[in-house]
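Some notes on the structure that comes next.
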């Protein structure tokens, strides 16, 4: 789960990491009130959960309160990479001497956390690594030993700091690591953390992605994700609430299957036959008829969908139960779009019988089914 | 630093460990108001920082509010092992089925923490261990791995629990461990943790000793120790505030030295010659004249002191500086009691000269000096 | 023989009394897996499918000898269960549970590393050495003993491919899922190493997917070691967009890293035959084994 | 030779720019200790007594080879400094700092154990192998090379006894303080083992005190191993009351545990000569060495 910049900054502040003084604007008309409490010049930033917000025009600057208000109005009327701007964060603009990067994320190969610091900041860390790999310093963290002050100082030194700045910058690294652990962040970064002209360090932008699987330990944010604002579409939200894995794509063939790998392979096979999948939807293991119904509803709520492909490999899941589920779902949801169903595995015969009797054609081969649904979709 | 029962219970409650419903009474007249909010019968407990409070009559019981008030009044008029009762904790008395013990403390030999559980509680754990060693279950904790739920359940099982009680009891053990770590406890125990007649578990008494060296991480308690109520005498407080190690004893020879081992050996030597030390006071390394002055003041504030023994082994500390310190201190504090000074080590000659000129006799042998001060004290 | 589990594997089931744990215990017993005890805190003293249940792993091991554990414990408590098994000197741990927090998984893996234990999963269908031992939730009937080793990041897709191998007469030595999470106990390279040593295994099928760089590292390993057994791969997620998790927490393309193209290219340049579609795998394996 | 430190010990001083660190660096240099670098975060690039100072241990070791560290860092940061040295593969660490929180000390000791390093202290006067290397804060002039190994839980009391040995013509092989805290890196038994192997050491002086049961365990060890070298002991704290910390955090009698009587009795029954007063130690040692 991605946190908004203003949420992330509030947490950083709580942990003693300096961030620019600022305030959240939920309506453009509030801008004046908030801006007058700050010192100009201002940075006015759209609160959207997309990367590359800056390049997309989501960050504006203003020298006066009226200009700040204009900027806020402009942002509130924007869509950034398709996302509506619902909130704007206004803060004091920092006089930047240097932009740095610091973050903590997962190192999959080493089954560990890794701290990353860079003397270049402001860009995506992958871009920095691509352009100047020698500037990106990594340190593996054994969570049993933790990330200590001296680790933080080692990194601060390696990105070029010494003297009291070394200790101060290190302290901020250490604090960010604490935030990351306490909030189960799979990614946390200050990008950039800025060395201001006065030599002080300020986290000018912050990004936190909480591990979805750990959200039960962070109920406040889980609640916000499911009930409040988020980057999720209605379909995505509905999927999360029903424990379905759903990803919207831009084709016209709706896909439902059981198992992430199988569904990915189904999309690939559709594409192999020149079809265009409209989504990824994994119902998981042992889905009930209710779950299948919700899945159908979500997929069909996409107006682009011209045909449906349901690909079930009954293992522990029994095909007859799946068949009944599809029938029940079809009836409830009122599916009118053409469906191609591939159903194999445990109790396959019984499942096929049920569907065939309901005049739904069932195929055995995933490839054949894919070819067929692509044909229909054209 | 020892926490009062009511402080410890407040922390336990914060961590979700059930404790009896109760309230703090700072004046006997408040008892009625607090007791009426509770369900009778009541336990009324003197808040003093001494072990064996129960045996000393510091815990009373009452079936009605008026009786509770009487009990509180009685406690407020008591001294328990010399300690004045300043606060009383009144709580709902639990219907006890069984008293258990759980605590976490330091295992010096294994350089580790150790969790201790026992199917017998209510007594000091050392007594339980002496009487029924087979009932005391120990589990070493590697702090890098932590104390996990399953560790807690292992202990709960070994003291005789199963079923849902096993998990509930284990959960309380786990929480107490968290308190211990979070508060830098060198000892934390629920003694007893009670299995009530309804099968639930309640921490009927709780003890927390915070590692003095970690108090800087727990400023709230450090402040309470130095400024508020505590078990410390004025001398002890004054010593702590001045970074001196002071322990009151019941003899008549005041002792000041540098280094804990040396001071202990000094006391032992005094005792060896049939003298009785009035205190232990270690000024530490490189004490300034100011520190020596405070030390003298603390030692002399004990009216039992008939003679003083200052035993300094100048190593890094220079004897001449110590001599000047003693003179300065003597003047400031106005010492009139006889003093025996043993001064050897770095710049010994100069030190002796300074003191001899001030007509203070200086000895070289610790044994000789001890013999002499014992003689004077008789 | 196969790798990791066989006839001599004696198993405890952690979380045996839950719906999943109980159901799959029955199926594993039917398969012939030697389950000696179950563990569910608070359910000690009961029985499930005639298997005695204990409150702690320690208690179970006081009465039974076991060298492997399979975990069905709910995600918030699964890491604790794994650590419990590890501390009790169980050295093969199959973690079926999905949705375990990353932080918890990292702790388990570090501890396992320290004590030299093998963790399969989390979020894995498990491991099966056909005809000998099934430690997982995969359907039994799709496997048969044979000479193909299968290692996968997926569940049902593995069944799809295993079933088609079986239909083509290609039995399996061992089939296991690494798990669909970003942090899993094993990687492809470790399994390739085991398959290399296993006499029964004549060819390896590797089922990868987008996310991470395990497949690229595997390609490197195959080149560096001149891996002696034929390898056929299928990589799921060619059509996946960047930045989206495709069901598995680990299946995500970050920027330009973790794409199917990158993996396929790396494997191909290591001489691995990469199938275009799942159904092509069996044909490629057959061709290599007959070559 | 002596134990643990000698002419080949190359030292970094952590916390070299503080009052204590700077002062004792000077004294150690005067003694001939080979100090190669100092570390104080934020003071990198400066010099103290001509010794270059670095911001991190890592940075110091990029330029200098060292196999020991002595720590003068203030208590709240001392454990971090010890871990830093340990992670940089320094394997002998002398922690002079006192008042380190127990939790921090436990972490350091566990890590040291894992990497097989030796931690002396915390709250120790350090270690000296007379004539070769002084890694500590003890006054230099009271020692002279010889054949008596001294191991102690105390500071000034050790000086008292060492000085009286020296006055009696009994030089020392190595003298070290374990530290006055409840959690210290070494115990008497480990040092006895080292002194046993050290050819130069002919007799051992053990200076214990109330609290804990290190002395009792040592007595047990001496009996079990039929320890071959004569041991003389002094135990401070016979007159200490129970439940009070006598200056050292570790010097406390808990209930009936940790009394001087218990220690003295245990040592005597192991054949150790226990001195009644500090000044008796030298005489007992002389008698044993001449026997």
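Chains: A, B, C and D, in written order; residue numbering restarts at 1 for each.
Criterion: a contact is a pair of C-beta atoms (placed from the backbone, for glycine too) under 8 Å apart; a residue touches a chain by one contact, two chains touch by 3 or more.
Nothing here was measured: the structure is a model prediction, and the numbers come from that model.
Leaving out chain B, the touch network of the other chains stays one piece. Among the pairs A-D and A-B, the greater number of C-beta contacts is found at A-D.
Separating the centre of chain A from that of chain B, both taken as means of CA atoms, is a distance of 53 Å.
Centre-to-centre separation of chain A and chain D, using mean CA positions: 55 Å. Chain centres here are Cα averages; for chain B and chain D they lie 27 Å apart.
Residues of chain B found to touch two or more other chains are 144-145. For chain C, the set of residues that touch two or more other chains comprises 111. Contact residues of chain D toward chain B in the complex are 23-24, 27, 75-76, 99-107, 109-111, 113, 137-139, 141-142, 152-160, 163, 180, 182-185, 187, 207, 209-210, 212-214, 217, 234, 236-241, 243-251, 254-257, 260, 276-279. Interface residues of chain B, counted against chain C in their complex, comprise 145, 148-150, 153-154, 157, 162-164, 166-167, 170.
In the complex of the two chains, the chain D residues touching chain A come out as 41-45, 55-59, 77, 80-81, 83-84, 87, 111.
Chain A meets chain C in the complex at residues 51, 106, 108-109, 111-113, 124, 126-127, 142-144, 181, 184, 186, 211-214, 216-217, 245, 247, 249, 257-265, 267-272, 277, 280, 282, 285, 313-316, 344-346, 365-367. Note for the complex: chain A touches chain B at residues 144-145.
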